[in-house]
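When the chains are written out, they are named A, B, C and D in that same order, and each has its own residue count from 1.
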Amino acid sequence: METIVEKSLEDIFEEKIASEIRIEPKDWMPEKYRKTLVRQISQHAHSEIVGMLPEGNWITRAPSLKRKAILLAKVQDEAGHGLYLYSAAETLGTSRDQMFEDLLSGKAKYSSIFNYPTLSWADVGAIGWLVDGAAIMNQVPLCRTSYGPYARAMVRVCKEESFHQRQGFEIMMTLCNGSEEQKEMAQEAFNRWWWPTLMMFGPKDEESPNTEQSMRWKIKRFTNDELRQRFVDMMVPQAEFLGLTVPDKDLKWNEAKGGYDFGAIDWNEFWNVVKGNGPCNKDRLKARNKAQEEGAWVREAAMAYAEKAATREKKSA
Amino acid sequence: RQLVFDYTLQLADTSLILSHRLAEWCGHGPILEQDMAMTNISLDLLGEARNLYQYAAELEGKGHTEDDLAYLRDAVAYKNPLLVEQPNGNFGDTVLRQFIFDTFHYFFLKELQNSTDHRLAAIAEKSLKEASYHIKWSSEWVIRLGDGTEESKKRMEAAIDELWTYSGELFEATPTEKALQELDIIPDYTSIKAEWDKHVAQVLQEATLALPQDQWMQSGGKYGRHSEHLGYILSDLQYLQRTYPGQKW
Amino acid sequence: RQLVFDYTLQLADTSLILSHRLAEWCGHGPILEQDMAMTNISLDLLGEARNLYQYAAELEGKGHTEDDLAYLRDAVAYKNPLLVEQPNGNFGDTVLRQFIFDTFHYFFLKELQNSTDHRLAAIAEKSLKEASYHIKWSSEWVIRLGDGTEESKKRMEAAIDELWTYSGELFEATPTEKALQELDIIPDYTSIKAEWDKHVAQVLQEATLALPQDQWMQSGGKYGRHSEHLGYILSDLQYLQRTYPGQKW
Amino acid sequence: METIVEKSLEDIFEEKIASEIRIEPKDWMPEKYRKTLVRQISQHAHSEIVGMLPEGNWITRAPSLKRKAILLAKVQDEAGHGLYLYSAAETLGTSRDQMFEDLLSGKAKYSSIFNYPTLSWADVGAIGWLVDGAAIMNQVPLCRTSYGPYARAMVRVCKEESFHQRQGFEIMMTLCNGSEEQKEMAQEAFNRWWWPTLMMFGPKDEESPNTEQSMRWKIKRFTNDELRQRFVDMMVPQAEFLGLTVPDKDLKWNEAKGGYDFGAIDWNEFWNVVKGNGPCNKDRLKARNKAQEEGAWVREAAMAYAEKAATREKKSA
């Protein structure tokens, strides 16, 4: 009996997927679909939160009041994205506290790109331009992802991200139109961020075992390599426009495929950073753990006060 | 004009330095929502500072920009009161510093709206909306932490012990301020102090925290005599402008 | 010549940044005598850095001074290994950072005395006396804290956990270093590494601390790819030279 | 019987004082002499230790490598002076730990001058020139103080202090011969430090109740006002040489007394700072307490290790 019901639930689910109808929190869904989503959404949320750190590193040193305001607002937006995404993941039955704990213990991952340090002001531009650019490339298709709350969160996120990307491009442009020193600063940052950004799309398709299932469930819409190729094709002309040299001697236009061929990615570095050996993995987790530990008394006090206030209200009612 | 310039700069420095301190929390707050709230306040104050620096630059009439005024003056030229440059400490210290300032700021802006200097009045009007949110936020947190757990109460008591001594300077008029008060360009501080006292007493009572006794009040910031903390703020704040002078960013 | 210039600068940066970190302790040490000892080491390293910057300025031949080289280069131009820019942490962290460096420094200088570059050889000879005191100081403290109380042992284990990953870079030759090694201007790192291993193993054993397993080694500093800490060091270090350019002090 | 012995001990003591023979640790001395000395020497030692902080504040920001080296060495010398002086006080039967505790609890005092902040590089010059200058004025006579270990410590201290004072003067001179901005920096620092330095000589003679007894015991050799006058007479020509204006409109040469008349000192400020209300009293004690607390585990470990080592040695002997 139960098997039949289950089967028909699964059929309904598959039908919805097939006809591009969104899955909503109360709908039945396969356990693996739920798990995949929780993993992906929380990872995405964690990336927003950890992603506040490298750029946040330049808030106190931003070179003008206007840039400082823009940067502050941007980092704040990232906190907001984290909030939307944690909420979306919570609709799948995992609490924010639980997700936080997994982040802090190192169990959950976040985008490896944030394990690289920001060493100059140009890095703030490079992150906005390249990293947010890659993020958008990944995220725009997610606005049509099959899980409703996730898709809706992504719509809001993408709108702001594309704004951030423009701001990053503008920083790079200002530097590239500036003094020799500023141009060098921009190029130097570009050199450091280019390859790690390409790694943001994840391992090569043949080494990405989850991709197929995710595509069938319409969580993902394109493969890693497809998105990476699109990104390169979009960014190379922008770099040329800025007068920056792409740090890849193998890069060249391939007329046949209508796209760029590019050099081999150092997958050792990628896996190494994923494993925890990036330049900043330790620092990032340390910073988040510190915030969490030092904030414990605040959260406890807020809770205690809320309880007292509720009791008082009940009494007076 | 020189007086208004000096004073506008003092207000701008005050908002900028407090904004800078709050911005140091960004990404390190105890609760995501409060991280965002502090950044909000920081952004509001930064916006206010920019309006003020722009006005000051106009008053000065030497072709300086807001950035010249913020980035190219050394510590002794800064005229913010000592309170706003105090280190963030823990979240309770930050909340209390904010509470002392926000309460002043709110009642002050309310009066400054009536300034005979229309530009200052306009800036005050614009900032008042934000300031009314700030005073609400910090008052609520003082109450929440004061009447929260035993630990949070202890921390708030320590914060009061640490920071109260910087509250007096807000109401201590310098010769510049006195002159402007006589010209009705800025409000008298007596009535603002009375409103400040009232609100502070109310909130501390609700927070089950003791109102501090009269005590020695530190001052000097408005005369450029700062604590040793300001220099470090400026060496970060000004680093890029100083290192690569005269560039566009 | 360019190679020797680049390398001399790298050595100078290394000594300067570590000296700077140690100087941060001055007035804040756990024991008066150790406060003085750390300042001593800081002063020795600063002296070494100055000798090296002066030599580098001569090699460069552009009329720059030691101060131009130290105060007017931004973070990515600095070439010190990551180890020396790591924050002081607690006294145990500082001791361990120093121990890792001092052991390298001592055996390195010993070999550098034989450099075919007579100037580097002379600087090495001069610094070696001091370095032999440094290695003694930090080795003794590793032993004392490792074999002290349970708490001090735990702290030293944490320090090892934190800092070991930066030890490898000291022995990782950059193309510049490789070229200079072939010219016999600087020593090969293989034999130095062997001596380092031996001394470190000995001291850790006496300190009842476990020798860490082979692990991932961070690098990048020698190529200008630093941690986020260096920028803040430089914004303080360079503040006055940047703020008031071209002055005498 | 005992009274007679005591009396004759006191006679011997008084005779030694009268004939300028040094009192040594093993000699008998009146309890009040001992107490006065412990208070004065430990206060002096504390001043050296706390005095490391205001200048130490500029070590990371010294404007040249040479200045940085000089400043580091100077602050280190102050630690050394602290050590000599604690040792001298220990010969009177009070341990360094005890003295430290009194400092940290706020029970013992240190020179109020160190409760003012250093706000610019010129402050480092001003401290060397003015504060060390005043210290020397106070301390040179102490090289002939009646208690042997104190006098000998002061000989070493004074030698180094006069070196420091020259370095401070040199910093001021460089600034005064520098750009307009540097001259302003020097004048601004001079304005802030002048009056607090005059206060370093302590209250007016008529309000300094301990002076008389201390002079009789030849602990002190000159009164506060005498030393203050000497200091002013020495510094005014130096300020003129530097091209600095003394921030005292009442200052003028008095031919009759062969010295300068100078304006009224704000004794309210003096007593206020002594009471703990100076701009940095809290910060200074906080810094020292922090060092002490954070160093506790180190001192414990060193002690534990020393004990273990001693035990091992015994066993192997």
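As a convention for this text, a residue touches a chain if its C-beta (ideal position, glycine included) is under 8 Å from a C-beta of that chain, and two chains touch if they have at least 3 such contacts.
By chain, UniProt protein names: A, D = 1,2-phenylacetyl-CoA epoxidase subunit A.
The structure displayed is predicted, hence computed values, not measured ones.
J.: Contact counts by the stated rule: is the higher one at C-D or B-D?
T.: Pair with more contacting C-beta pairs, C-D versus B-D: C-D.
J.: Compute the distance, rounded to whole Å, between the mean C-alpha positions of chain A and chain B.
T.: 35
J.: Would you pick out the residues of chain A that each touch at least 2 other chains?
T.: 61
J.: Which chain B residues reach two or more other chains?
T.: Each of 74, 231, 235-236, 239 in chain B touches at least two other chains.
J.: Among all the chains shown, which pairs meet the touch rule set out at the top?
T.: Result of the pairwise touch check is A-B, A-C, B-C, B-D, C-D.
J.: Show which residues of chain A lie in contact with chain C when the two form their complex.
T.: Spelled out, the residues of chain A in touch with chain C are 54, 57, 61, 117-120, 188, 192, 272, 277, 279-280, 282-283.
J.: So in the complex, the part of chain C that touches chain D is made up of which residues?
T.: Touching chain D: residues 16, 20, 23-24, 26-36, 39-40, 42-43, 46-47, 49-50, 53, 66-67, 70-71, 90-92, 143-145, 147-149, 151-152, 155, 233, 236-237, 239-241, 244, 247-249 of chain C.
J.: Can you tell me which positions in chain C touch chain A when the two form their complex?
T.: Contact set of chain C toward chain A: 74-76, 162, 216, 218, 220, 225-228, 230-231, 235.
J.: Spell out the part of chain B that touches chain C in their complex, as residue ranges.
T.: For this pair, the touching residues of chain B are 74, 231-232, 235-236, 238-239, 242-243, 245.
J.: Taking the complex as given, what residues does chain D use to touch chain C?
T.: So the residues of chain D in touch with chain C come to 49, 52-53, 56, 59-69, 72-73, 75-76, 79-80, 82-83, 121, 171, 174, 177-179, 181-182, 287, 290-291, 294-302, 304-305, 308.
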